[in-house]
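Please find one structure pasted underneath; my questions will follow.
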């Protein structure tokens, strides 16, 4: 694992269902253009409310991936 | 959206099931007395433990709503 | 409740399913050696990613229990 | 000034012009229902962007006022 | 304790004597209009100085109480 | 708005005039290469001083935009 | 003092009287099982309220002691 | 620039007009007694309110200058 | 109060008795060389322990005073 | 320097030797694809341990560079 | 790696030479009584000064290890 | 050690070599004008980059010394 360099990007995923689903959606989308995603960290959990109910969960994550040579 | 003023209040909801359920309960309760809730942000996630199991999830949220004229 | 002294320890639980499951696993494990756990607080939520999917949720919690006499 | 008790509330004002204008708008609105506002503190400065330009400045402030007897 | 929803408000009490006295004063005042206060957390401890002596201790607390049905 | 994924990038704009001007400059520049910028948040406000006067305001913002399909 | 290694633990003491008394109680209790406590740092000051009065001060401290050879 | 040592001091400037004006005033004043001020960073933005209007903007900055030989 | 500039310095006072006493001692000492101290804010509360008892309370404060013309 | 816009990215470099070496490695790697890196700031210092020894230092830095026209 | 539970402890190592040496010393000492240490994170870097020179580097780290079954 | 009052100042040292060297340089310089420096704490570690290499390490420290009678 030595000498690898990792880059972090920050994303927000949204879901009408759960926090986990919002995170998974953001990672799935990012994986289409970035290879080698290894980990994430939840930075912020927010949401929109409509008529007294949670309409969307919005979870911001920091994602880390290996910079390829 | 210009010139609207929003107020934020801080609430803690609790649930025996999930983090999402605790948040939804707090928003449902607040919606009985406050109209126009638009968003929330999770501030803290805690819980009580009984006999080695999570008895209640307690999630503190900041809730934002429009101040009416 | 007066005059009790509480100690806090920090643990990380992991789960392939949900944030709640990772927390419950850490508390269940700690309860085998520490009696009187009363509460927890989520400190950090992270995870590992494999092939564009969340492989494990890793949730760090601070756990509080009574120091016995 | 002794023995006074102050309460703090959190508001977000918005303006198409400046940060200062967003703060002043929130305080003017709050002053219609709360007397004795003495100070504020800027908590967060955000904004909406439309077509590559700042459409609204949104400034969140904590406002302190005296609780009357 | 399940399914209760708590609200938090932020207050500053002042005292010429001690930090504890400033906290107690703020809670006593708030209890006149809010029932069911259960806990507080000290957010900030400040004070005014006159002639090289502490004239007032000013302690800001977050106070939590049950939202009644 | 469901299922969109947002990315955040961090920029510093500078201006000899005002904080607002530094923010607007950074957003204008970023809009040349990134479409769909929706919001920003001020992260840090700094500046250079020359001869006892503010020579440049330097404002760091976090900018959020939609990841396109 | 060179080459010593210190360990930190986090405790919460409680007292019906003062913040200082809650700290002293936690340190006295910890000293029964841990030798060589050298310092503490206050991490959080909270309390329980009953009938509009502070029932217990609860002060969380981080305590440092020398790991013996 | 090597081997220079910088010192930082913290100041609060006030202005009835703008945040920028409060910062500039603090720097101008400090420049009367401290040479070689190079940069500042805004630490806190507060203000006083009178009759529902911002009476003074009070901006706290950290200022950095070269320690001369 | 307009156009005044304030400077902040950071001090640690110590006392064998109370937190309040440690703060008062630091302010009394600073007042011998700095005029016009107006306020303080507690930044950190620590202490030394000897034989399982608090030997000294050490309280770090930020102190604000007017820069004279 | 006026009117330049800077972008920041976050990287983690690793080294078996020192913190400085981990930082230098991340900057060297980033410089292959990004021109005009001007500064960095250490965000986090971590490491992996194997058999009671530090196997790799992992240092996360924020790197700033000029956005070219 | 699933279903493992990790515990974190906080240590301070000291060295007359370097930051890296202080970290390594704390980990070596902890490894005598705790097996399975996997990672550390630097929490704080301080030091003592004698006669205008750094006498000891004191580095506080959080250390994570697997709780064994 | 009772009744001593300490003052803290913030400095930035720079070095082309190491973090430790930047700290030592700042302390050596400060010791020319301030007696009785006892400790320091690293507040921020930054640096300048030239041609893809670290040109200077810039380490900001808080330094504590005894106020003499």
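When the chains are written out, they are named A, B, C, D, E, F, G, H, I, J, K and L in that same order, and each has its own residue count from 1.
Simple rule for what comes next: contacts are C-beta pairs under 8 Å (C-beta built on N, C-alpha and C of every residue); 3 or more make two chains touch, one makes a residue touch a chain.
Keep in mind that what you see is a predicted model, and the values were worked out from it rather than measured.
With rounding to the nearest 5, the Cα superposition of chain C on chain G corresponds to a rotation angle of 120 degrees.
Of all chains, the one whose CA centroid is most distant from that of chain A is I. Chain B and chain L have CA centres that are 44 Å apart. Mean C-alpha position of chain F lies 22 Å from that of chain H. Separating the CA-averaged centres of chain C and chain L is a span of 38 Å. Multi-chain contact residues of chain G, defined as those touching 2 or more other chains: 18-19, 48. Two chains count as a pair here when they touch; such pairs are A-B, A-C, A-F, A-J, B-C, B-D, B-E, C-G, C-K, D-E, D-F, D-H, E-G, E-I, F-H, F-J, G-I, G-K, H-I, H-L, I-L, J-K, J-L, K-L.
Note for the complex: chain A touches chain J at residues 1-8, 62, 64, 67. Chain contact summary for the complex, chain E toward chain I: residues 18-19, 44-49, 51-54, 57. Within the complex formed with chain C, the chain A residues making contact are 18-20, 23-24, 27-28, 31-32, 37-42, 63. By the touch rule above, chain J contacts chain A in their complex via residues 9-16, 25-26, 29-30, 48, 56, 60.
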